[in-house]
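So the structure is just underneath, and the comments pick up after that.
Chains here go by letter, A, B and C, matching the order in which they are written, and residues are numbered from 1 within each.
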Amino acid sequence: MSKMISASRSQPARNGSALRESNAVKALLIGTALTFLALFLFLPLVIVFMEALQRGLTTYLEAITEPDALSAMRLTLLVAAIVVPINVIVGIAGSWTIARFDFRGKNLLVSLIDLPFSVSPVIAGLIYVLLFGAQGYFGPWLREHGIEIIFALPGIVLATMFVTFPFVARELIPHMETLGSTDEEAALTLGASPWQTFFKITLPNVKWSLLYGVLLCNARAMGEFGAVAVVSGKIRGVTTTLPLQVEILYNEYMGTAAFAVASLLAFLALITLAAKTILEWHYAKEIAAMRHNS
Amino acid sequence: MPVSLTVENIEKKFGQFPALRGVSMTVAPGELMALLGPSGSGKTTLLRAIAGLEQVEKGRVLFDDIDAESLSFRDRRIGFVFQHYALFRHLSVYENVAFGLRARPRRERPNEGEIHKRVNNLLDLVQLGELGARFPSQLSGGQRQRVALARALAIEPRILLLDEPFGALDAQVRKDLRQWLRELHTRIGQTTLFVTHDQAEATELADRVAILNHGIIEQLASPHEIYEHPQTPFVCKFLGETNVIPVELKGGQAYFDGYRVYDATNYADGTADLYIRPYLFKLAQPGSSPLSGIITHVHQTGPYWRAELTVGNLAKPLTIEGLTRPLPILGEHVAATIESAHLFKTP
Amino acid sequence: MGDRLLFNAGKHVLVHPRSAPAIGRRRRIFDIGLTLAAFAILFVAMSQARAQTVELLNVSYDPTRELYRAVNAAFSAEWRKKNGSALSIRQSHGGSGAQARTVIDGLNADVVTLALAGDISAIAERAKLLPQNWQSRLPNNSSPYTSTIVFLVRKGNPKAIKDWADLARSGIGVVTPNPKTSGGARWNYLAAWAWADRNLKDEAKIRDYMSALLRNVPVFDTGARGALTSFAQRGIGDVFLSWENEAFLALDEFGPGKFDIVVPSLSILAEPPVALLDANVDRKGTRAVAEAYLEFLYTPAAQAIIARNHYRPRFPDAADPKDLAKFVKVDLVTIDDAFGGWAKAQKTHFADGGTFDTLYKPSR
């Protein structure tokens, strides 16, 4: 970058007008992009917080410490705390299998991993209702054995897992494929056990992709509405997650409370964003080195 | 004590493609051997099979008289240097070299002081004593190569396997490293097998060279031996430029175009090919040899000249090299006589 | 802890400043993971602990949220006083049809309190959680409260909308959701039809009236909530057709200074039914409390709460006269009397090719 700039400075006569023109275009593009971002991303966020605080801080605090809101918060965090580690483990195993081995049906498997992206979340939820609902395939058996899946925590976890599964795998597969397996082979020839190889070589090699995947997966797990709405049963204070709670409050004409709870979600999203930015900023050098060094 | 490496009748297929078709050989203790062959000849596969990185269908690998199959990866103790080094990019040079030591089970793991000592010794050995704290991305190609070597040596390997050790380096660095590796080998006396596709590299470095083609060893001998006495047409061709002349064998003489061109005592009658290096021709008066024709190209590189002699009954012109003056002249009618040739009977 | 050893060693050996933070970073990531795992276990333990109290689940429809919040508080208090044990009543709200579907799919409701008898009958038919004759098990067709359709108009009623006839006048904007997607909108439609049937008598005139009314609808929102937003916040239209209880709630929400409620001369009687799901309460062992809960709805205490929450009580005597004062007397017809039941009304008016499809021609 610095090379480019000094080069253009050293030849002002030749490049001057072209440069000025492209600067105008650049300014226009940047301006458009920033305006767009401000209108469509930043403004809504501001409005969420404005609406939430519209009736003062006390009302706001009351709204987010109300038992149902707290329960929704707890449920949302719990679901994320279960879903994210499972998706990380399954995602790593799946990506590794796909990146390392050639086998019949590999392409099908890769497409299957993407399936949750192309299936509407509502359908995802309905799939579980069809499987585990009272009228579903396993419903009668489950009921007989007193196991609750649908309209309870397990169903919410399953639906969330389905929707968020691709995030980790999608980040990891291309990265693992470009890395190849020689690092792992090198570790094996140096006497490392498969576990040592995995934890000391494979994992550190993909840790940035993995962290991105985890952040995205977590953000979606906490924010998922459609699939969860179908399998939740919307039992207040029991099976309502934060997004469902927002909808419920809004429909109950409790706009301020709805936005207060929404602000919690927005806050969680901002933390995710901040975590991502800090990671990128802090490890920019290391990430760049990892990507370019082969 | 250096260990011998024996490979017995190894076969390996990739799908339908036979990569190794029964390879047997022995690397003597302390020997530096090259596996030479064109790409696709199976040399890297053989190296990986010895290391245990490829499963083979048949055959076995012995270290002295221990069957490699009976050893775990850890116990095989193979020092493997990968073509692109495979340095661990998230670990410093120091930690890369220390990796094999730290990976050992607790009981066998040296203490920190010992690791420290050994890693630093190795870094000194590969002349990277100052660079322990660097990361692989901060090193030049040659430095990375040496880190990979130090890392492989750290586990006190039974044998050292190097896959195209100089493949990724530019010409000057290659030369320097080649010499350095030769000296290093002399110093540590480790049984070493390396893969290369570069015959100059193989012959300059190795005590013996195994030439692989289509998954079998065509010849295994000292560089001198394989150059002077190639066992197969492939070896002969692979080691350097040759001219091929079809001949008829009759009564201990080789005939081209009905005229005697070369002495073939001890060969039975039949057809054969003569393989002649360009510098083993001599130019003579036209008509003094059946290999007569017109000089169609001449050029000079350094002290040598190279000429192409187009001979009527040969599909390709002969390439001839020489030091003698005066140079042949373009368009000149000359004959070529054979000073020395390799003779291979055609099947 | 090979990992730790590995990195401690790095610290001693390497003089390079970059290596030291690397150790801390790595360990921090590990610690965060550990903390998350600990939290997960803690949360699971907590939700296990909560499951110990006796719980009753009432699956209801959207507009009853405030009503049952009050009813549940009263009943829990009474239950505790009588039985000495704590009771926690959980609520689930949604569209009535969707809620029935959820119960059929296995939502473990003890009681259902839905908008239409048909929705509960669907549960009886498809999931067999209660007998077919469920509606006769409690008084008043198992509906402890009723409601009706009224008009919500802008403050002072500037367009002088008094009755159904006014809705077909030109220049009046009528806000109602789409009957194809909204249950409430069907009530609106049928109420208008019932009035026209009573007052215009002639089939052709009824149809003319209905299509004039439909022409006055600027846009059909898919649901009641969206339609109310159009009317109240975006200022679209002059009259909003609404459940009576919702209309009162809207007054509370948007402030009394913005809207008035107009009660037409004739409207339709909605009888939201309640029922006990036998199969569920027997499995959960909650029959006694569930029965008591539904019976409680007919008690004077509950009837007073019902009136306070803008539903018309079955037994007004117990209610606060102040609450009753807001319910204007209105001539009410039932679906059964005026349309021969829900199934028939659905088929005649809202199925594909029904009266709604023939009468409603979107303007191009």
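Here is the rule we go by: a residue touches a chain if its C-beta (ideal position, glycine included) is under 8 Å from a C-beta of that chain, and two chains touch if they have at least 3 such contacts.
Here the structure is a predicted model, which is why all the values come from computation and not from measurement.
Novice: By CA centroids, point me to the most central chain in this structure.
Specialist: Per-chain C-alpha centroids compared to the overall one single out A.
Novice: Which chain has its C-alpha centroid farthest away from the centroid of chain B?
Specialist: Result for max centroid distance from chain B is chain C.
Novice: Counting only Cα atoms for the centres, state how far chain A is from chain C in Å.
Specialist: Roughly 32 Å, centre to centre.
Novice: Please work out the Cα centroid separation of chain B and chain C, and write it as a whole number of Å.
Specialist: That gives a centre separation of 82 Å.
Novice: In angstrom, rounded to a whole number, how far apart do the mean CA points of chain A and chain B lie?
Specialist: Using C-alpha averages as centres, the distance is 52 Å.
Novice: Which chain C residues reach two or more other chains?
Specialist: Residues 2, 6 of chain C touch two or more partner chains.
Novice: Can you pull out the residues of chain A that are in contact with at least two other chains?
Specialist: Residues 196, 200 of chain A touch two or more partner chains.
Novice: Which of the residues in chain A come into contact with chain B in the complex?
Specialist: Against chain B, the touching part of chain A is residues 182-183, 185-193, 196, 200-201, 204-205, 207, 286, 289-290, 292-294.
Novice: Give every residue of chain B touching chain A within the complex, in rising order.
Specialist: By the definition above, chain B touches chain A via 51-53, 73-74, 76-80, 82, 84, 86, 88-90, 99-100, 103-104, 135-137, 151-152, 154-155.
Novice: Where on chain A does chain C make contact in their complex?
Specialist: Going by the criterion above, the answer is residues 74, 77-78, 81-82, 84-85, 129, 132-136, 139, 143, 148, 150-151, 153, 196, 199-200, 233-238, 248, 251-253.
Novice: Mind pulling up the chain C residues that touch chain A in the complex?
Specialist: 2-3, 6, 36-37, 39-40, 43-44, 46-47, 57, 59, 62, 65-66, 90-94, 102, 104-108, 126-127, 225, 249-250, 252-253, 283
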